[in-house]
Structures are given as C-alpha cells and as structure tokens.
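Before we start, here is the structure in question, set down as structure tokens.
Labels run A, B, C, D, E and F following the written order; every chain starts at residue 1.
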Amino acid sequence: MPLVRVDMIKGRTIEQKRAMVKEVTESMVKTLNCKKEAVRIIITEKEKEDLGVGGILHSDTDG
Amino acid sequence: MPLVRVDMIKGRTIEQKRAMVKEVTESMVKTLNCKKEAVRIIITEKEKEDLGVGGILHSDTDG
Amino acid sequence: MPLVRVDMIKGRTIEQKRAMVKEVTESMVKTLNCKKEAVRIIITEKEKEDLGVGGILHSDTDG
Amino acid sequence: MPLVRVDMIKGRTIEQKRAMVKEVTESMVKTLNCKKEAVRIIITEKEKEDLGVGGILHSDTDG
Amino acid sequence: MPLVRVDMIKGRTIEQKRAMVKEVTESMVKTLNCKKEAVRIIITEKEKEDLGVGGILHSDTDG
Amino acid sequence: MPLVRVDMIKGRTIEQKRAMVKEVTESMVKTLNCKKEAVRIIITEKEKEDLGVGGILHSDTDG
C-alpha cells in the first residue's frame, strides 16, 4: 500500500506509462509520507466503446 | 459520480453496449436524482475462462 | 454476471438504493438479454473528502 | 458473495486457473463458512508494462 | 502480484479474516506457483443494504 | 478519464488527501497529456485488519 489503479483511454506509449508510474509514485511518497517501494500501480487501458458519459458511448462522441 | 462499472461476459454488440449505457444512465438519474452528465460507466468484458462460480471455471460449465 | 458496481456520494436513502437496484437491473436485463437473477449490484458510498476532480477535493468545492 | 477478484501477471495456463479457482473457493468456504455456490471469482491478467512497483514499470525490471 | 480483493458481507470476526488470508494465500502459492510474500489481499465488508441480487436489495430478502 | 483509485491505510489527514489529489493530478496531466478537469480520483481507506501480505493480516505484523 498505497495501491493505485489507473483506468485510461487506450493509446499511450510505454514511455508515457513509464513516466506516469514514476511521477505518480513520487507524488504519493511526497504527500502521503510512504515508502517508494510500497507504492504499486496497476494500469488498465479502455476502448472508447467501453466508456459511457452522460448516457452516450465515448466512441460515439469522440472520433 | 455516480461511477458505474459493469463486468460482463464477452460477446455483446456495440448496439447492446450503447443501449445499456443509455438505459442504465437514465435509471441512475431517475432513482438517484443526479445529473445525466455526471453518470460515468466503464464496461469490462470477461472471457468465460476468467470467471469461477462455485469453484468451477465458467468455461467448463457453459459451452 | 453481469456484475455492476456503483460508487456514489454518501447520503442516499435506502428507498433510493432499493429503486436504483430495481431499475438498473431491469435496464441490464432489457438491453443485455441476461437473466434478472444473474444481475448483481454492489454499492459503495463515498465521502466528499475521498473524491478529487481536477486536482481538488470534492469537499472543498461542494458544500 | 463472497466476490473474489484476482489480478495476476499474464501467462498462467487454463489448468492453473482451474486449480486456483477450485482451491481458493474451498479456502473461502472453509474459513468464512459460506456456501460453495456463493463464491464468485473474477480473474484479470495484466501485462508487465501495466504494473508499476516503486515507481518503475514491471517490464523494465523483470525480463 | 497476485492481488486478491475479497468483497464479503459484514460480520466476520478477525479470526475468520486471519484464517481466510492464510488459506487463500496458500491456495494461490500452490496453484499459481508464486511467492507467498507476493500475495496481497484486500478485504472489503459490505452492508446487506449495499448489495442487490435480481433487482432486490439483500437487506430486503435476508434478515 | 483518467480515473485513479487509491487504496491506502487509514489515518491520513484531510491536508494529506488534498495534497495527494493535487500532486497526482498534476503528474497525470504532465505525463499523459490529458486535461486537468478530466482526472478523477477516488480514495479508499483500509483498516490494517483488512489487508493481508504473505498470508498474514497487516494488523498482526504492524502495530
């Protein structure tokens, strides 16, 4: 702990994932006063057709 | 908020997802008195071999 | 399956939860063509201080 | 209920999943005194590039 | 990893949680061939009024 | 999206939560190139007796 789960739209590069994991971990350590090694992050990428906002599929509103 | 996450067996069409997102959002608005735009839905489709009921994989009981 | 998890701001009555579970289940059955008995819903109520939008705690922006 | 969700690194065989679902269900029944049929398990397999530990992607540390 | 999340009805004793965590971890190690130290379990206890099955709140069907 | 869920041991102050939400959101914006307003964070605080590591309850190993 802390355990961080990030759901995001598919399409980021591995460089972006790498940078995100690094930066978010540092933010957790800085603000929660936890050990770096204790921070775990799980990324889940979602297709636009698997998201709905306001009753509409994201794939229908966002090209 | 509300955030709605739906886990379901793989195989629905995009038309079914579209209808589900629309209907579930309307049900949330009607019963929880929240704004339509505030309802977010995340769909996750699961393979039958990734589900277990009563100690048995769903792929072993359901063709 | 389907499994539906609903995260929402604390404060709804049990009548609202009861209505929401009924209506959302009916929406699932109607659009996904699944059995009513198969629909499971798990509700989680969240405090405003446990939500952040745009980098700000919800308890800081919403009385 | 109980609902058990297992996130694990991709790569297990269906035999391993089958055995895990069987054994974990039996452990739940034995210790929680619940009915076998009531135990549901959902497996999610993750790529190493979707996991971060200590600020580093698992795909960068583990061949 | 593996990460195991268990959602269950409120009311188990700490002895039951302790036994469950021990037994489930051993089941994971035995079937998935992972290290004991790598298994993490997160328990969430739910009120019956926060569960719905077949469109009905669990608190309405189960005393 | 992105949706960030943070599970952490109970006991942080609201100031720590406020700082964490701010910093993590900025890390997401910087590395994923998303809009600040799009980042949502849900915090869940866990009791030590609801966590298991290596088959042992966290409340049994950590005073």
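Just so we're on the same page, a contact is a pair of C-beta atoms (placed from the backbone, for glycine too) under 8 Å apart; a residue touches a chain by one contact, two chains touch by 3 or more.
In this text, all values refer to a predicted model and were calculated from it rather than measured experimentally.
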Exercise for review: Consider the two chain pairs A-B and D-E; indicate the one with the greater count of contacting C-beta pairs.
Suggested key: D-E
Review point. Taking all residue numbers at the chain B to chain C contact, is the shared part over half or under half, that is, same or different?
Key: same
**Study point:** Far-end chain from chain A, centres as C-alpha averages
**Key:** E
**Study point:** Per Cα centroids, the chain farthest from chain C
**Key:** D
**Study point:** Relative orientation of copies chain C and chain E, as a Cα rotation angle in degrees, nearest 5
**Key:** 120
Revision key, fill the gap. Distance between the CA centroids of chain C and chain F (whole Å) is 21
Study note, to complete from the structure: CA centroids of chain C and chain D: separation to the nearest Å works out as 25
Check your understanding: Can you list the residues of chain D that touch 2 or more other chains?
Key -> 3, 7, 22, 24, 26, 40, 42, 46, 51
Practice item. Chain pairs that touch, all of them, please. Key: A-B, A-D, A-E, A-F, B-C, B-D, B-F, C-D, C-E, C-F, D-E, E-F
**Study point:** chain B contact footprint on chain A (complex, rising order)
**Key:** 7, 46, 49-57, 59-60
**Study point:** Contacting residues of chain B [partner chain F, same complex]
**Key:** 3, 40, 42
Review point. For the complex, which residues does chain B have touching chain C?
Key: 1-9, 12, 16, 19-20, 22-24, 26-28, 30-34, 46, 51
Study note, to complete from the structure: Touching chain E in the complex, chain C uses residues 14, 17-18, 21-22, 24-26, 36-45
